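Supplied in structure tokens, the structure appears directly below.
All chains are identified by letter, namely A, B, C and D, in their written order; residue positions are counted from 1 within each chain.
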Amino acid sequence: MVIAGPCSVESERQILDAARQVEEAGAVILRGGAWKPRSSPYSFQGLGRPGLQLLAKARDETGLLICTEAMDHEGVAHVAEVADIIQIGARNMQNFSLLKAAGRSNKPVLLKRGMSATIEELLLSAEYLLAEGNHDVILCERGIRGFDPTTRNVFDLTAIPVVHKLSHLPIIADPSHGTGLREKVIPMARAAVAAGADGIIVEVHPHPDQALSDGAQSLYPDQFAQLMREIRVIAEVIGRRIAEPVSVGA
Amino acid sequence: MVIAGPCSVESERQILDAARQVEEAGAVILRGGAWKPRSSPYSFQGLGRPGLQLLAKARDETGLLICTEAMDHEGVAHVAEVADIIQIGARNMQNFSLLKAAGRSNKPVLLKRGMSATIEELLLSAEYLLAEGNHDVILCERGIRGFDPTTRNVFDLTAIPVVHKLSHLPIIADPSHGTGLREKVIPMARAAVAAGADGIIVEVHPHPDQALSDGAQSLYPDQFAQLMREIRVIAEVIGRRIAEPVSVGA
Amino acid sequence: MVIAGPCSVESERQILDAARQVEEAGAVILRGGAWKPRSSPYSFQGLGRPGLQLLAKARDETGLLICTEAMDHEGVAHVAEVADIIQIGARNMQNFSLLKAAGRSNKPVLLKRGMSATIEELLLSAEYLLAEGNHDVILCERGIRGFDPTTRNVFDLTAIPVVHKLSHLPIIADPSHGTGLREKVIPMARAAVAAGADGIIVEVHPHPDQALSDGAQSLYPDQFAQLMREIRVIAEVIGRRIAEPVSVGA
Amino acid sequence: MVIAGPCSVESERQILDAARQVEEAGAVILRGGAWKPRSSPYSFQGLGRPGLQLLAKARDETGLLICTEAMDHEGVAHVAEVADIIQIGARNMQNFSLLKAAGRSNKPVLLKRGMSATIEELLLSAEYLLAEGNHDVILCERGIRGFDPTTRNVFDLTAIPVVHKLSHLPIIADPSHGTGLREKVIPMARAAVAAGADGIIVEVHPHPDQALSDGAQSLYPDQFAQLMREIRVIAEVIGRRIAEPVSVGA
């Protein structure tokens, strides 16, 4: 399962271009934030509901499923109308009101590991979703806080076999946030697949240098296409297969 | 400024006893959670709105101000009716919807540092409150995640002089969560005051061994009284004074 | 380049068995400690010089090269007589006297990253070796200290592409110490190769449950053979090849 | 017990000036490195044995005891000739050959906590000294590695009551390395004393802006005098007393 797309929905042109590019390379799910949790109130906060409409349009045009983030109880209701997967971000892993609301939606939830969450805490947060009756939970390793300024986070890939041992839930990996550096995304996406990840989520932008957020860690579309070719082979080595997009006409 | 009281409001008897005990020892603000953010959905989650009513009653009986936590947008409205200070917990430091709601309330906000938040991120979260027009913000160091299993957290007291240098906002310290161990609370509360903290927030329970949450880090009432005596002298050394309670009759 | 063998040299039988087993599976270098840095003075400290003699014997019998650790200036002289590669352990990454001594030996040095060393500090420690004229330096990622008790360390595989970008030095990975858990070694060794590691170093013991040190993270010989098969294919995917052992008779 | 002085011995003038200044303010032990463990081989490495002679001269002139660092087995022999206390630095906390050599000297040893050492590991390293028959061991908290770039380290003062509970060994604190910032040294030294530290070790330099190492965290002599005044009062609050220098003539 490969989820790809820009950090934020920025414009119709941007999200449609991105959707076509990642679909062409073989992704089956489009990511893109309509609401963005930003450390500073003065950073770009996302387009909000109009962003959701653009995601719906991208789905109509490409057949990709949509994965986008909800930041609060109210947001879950809006996001659930459009998204095929509701994302809960790292900063909100222990936002229990949000977890309960997402648990009551009937959409699959992508739950990202908090920046300093133990695996046990990640699984307990998933339990908040399960306890509300939502069993479609996908966990995501996206890097934990570390001391080395070279990378944005420490990408803790061992979380993948650890979760596979402790839980029946699938776990995917986010090498874009995990490393924070475009040129590290390809090797670390390969590593995630080799470690047994059930999928990856990758930031891809038609023009990373013009991105309103996370440009430095977004792949160029052709880099993403190369990454897809490499992980297809690695997946096979460990007896797995990358899910293929279903064409819209099919 | 000394804030003291139990982790959670558990019963009328418990919160009124606690209130009288901390008031007698010299605290001016009563803490106690009506809603509790817990890692597991199966742990005690707090009494909810009835807990708020018990806090209001404790205020009427002792004259103490009330500090209690809001966990979401809706919670802010309820808490603001009763509390004199709205607490935002460490897990919610980057719950931006909650920050905006608290910023629009007209109550002082106690903002706790996230478990792996940098000082800059703490100040940016405060900025979300300030940007909504709420200038009564009190920051709180409560320990960051560390690698040593001996203590629950690493109590990063250097945050106090660092915040004093970078910001005009006051910062208090929470040695109960900072250490997680009852017998370490007294020395570390003294250390916080010596480092220049603008206040402390301490968990005190009439019967810590019967507490429904955080019993192991809650002081016995007589330990709290001893702590108050010690920090009064240390505060004087650095030219400060512990705020005194105003008696209800006054 | 695959380095494999037990944590410590324990007996002639143990090291010769291990040597034959890892050679058969395709390793080209035998690891095994004669001196062991142990947190406690009461833990097994290694056989010392007799351990070195057993390693020499294992080389004679299998043709494997020998990689073993030196813990101080004096040790470098002894180790250099027997070893083909001198290992400097994580705890000694900033033992500058040891670095200088190893830099003056004319043997390749395997330098492990310290438990909380930044990549920059690792490269500066390598610089101590280079500055003495020793240019055969191999770096090694072996896990950094983290907060999650599930694993022994956080295996920071992103260090591999980071080092490849910043330095011309090769870097290998140690999934045994990186995870501390036998069943995580295979997926994480695959991940290391997929991330571009120039080799791996793995603990393998003929009877892990009887090991005097690190038994819980040592592979059974047949697990190691499986790992070799898997990484051969992954190496090919990224255009690399696992070095093959040269038979003794050749 | 207050240990003070420059990071490194740089010249006769510098060390004698520093010695007089800290003696005048009330320190009883002079610190100053003759050999300096530096991350880079190209940084100032200390004066070596001539530095030791300058320390001996400073002792003769002021009556201060001398505390200086040994970096290896050989160094212990040299340092033991001159020093009253042998320091083992944080990077060497698990340099077991050095620990054994220092354990066989008959001088008190100041053992600094490693950058990512647990308290248990610190106590086990002390055990290496005790096991050699040296019972004069002083532990030292000097900050652990953290994720916040604002400070050089995380000064983990809770280590003080934790060590007091687990061990009979005294523990002092080093606010200079603990914070890495001159203006944070005074509040954090106060905090260390309030937390119950058995002493502090502080970097003081006659001209911090000209220091060859650690200038940014070294106090000006008059700042040190102010710090001494403040901690004398705090020590009294918790029923302790700062050791007074014995004048040379006495």
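Note that in this section a residue touches a chain if its C-beta (ideal position, glycine included) is under 8 Å from a C-beta of that chain, and two chains touch if they have at least 3 such contacts.
Being a predicted model, the structure only gives us computed values, none of them experimental.
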{"item": "Chain whose mean Cα position lies farthest from chain B", "value": "C"}
{"item": "For chain B paired with chain D, centre-to-centre distance based on mean C-alpha positions, whole Å", "value": "35"}
{"item": "Between chain D and chain A, distance of the C-alpha-averaged centres to the nearest whole Å", "value": "48"}
{"item": "For chain A, residues contacting two or more additional chains", "value": "116, 120, 144-147, 149"}
{"item": "Topology of the chain contact graph, where touching chains are joined (line, ring, star, complete, other)", "value": "complete"}
{"item": "Residue ranges of chain B in contact with chain C within the complex", "value": "145-147, 149"}
{"item": "Touch list for chain C against partner chain A, complex", "value": "116, 118-120, 144, 146-151, 154-158, 160-162, 165, 178-179, 183-184, 187-188, 190-196, 230, 233-234, 237-238"}
{"item": "Contact footprint of chain A on chain B as seen in their complex", "value": "37-42, 71-75, 91-92, 94-98, 115-116, 120-121, 124-125, 127-128, 131, 144-145"}
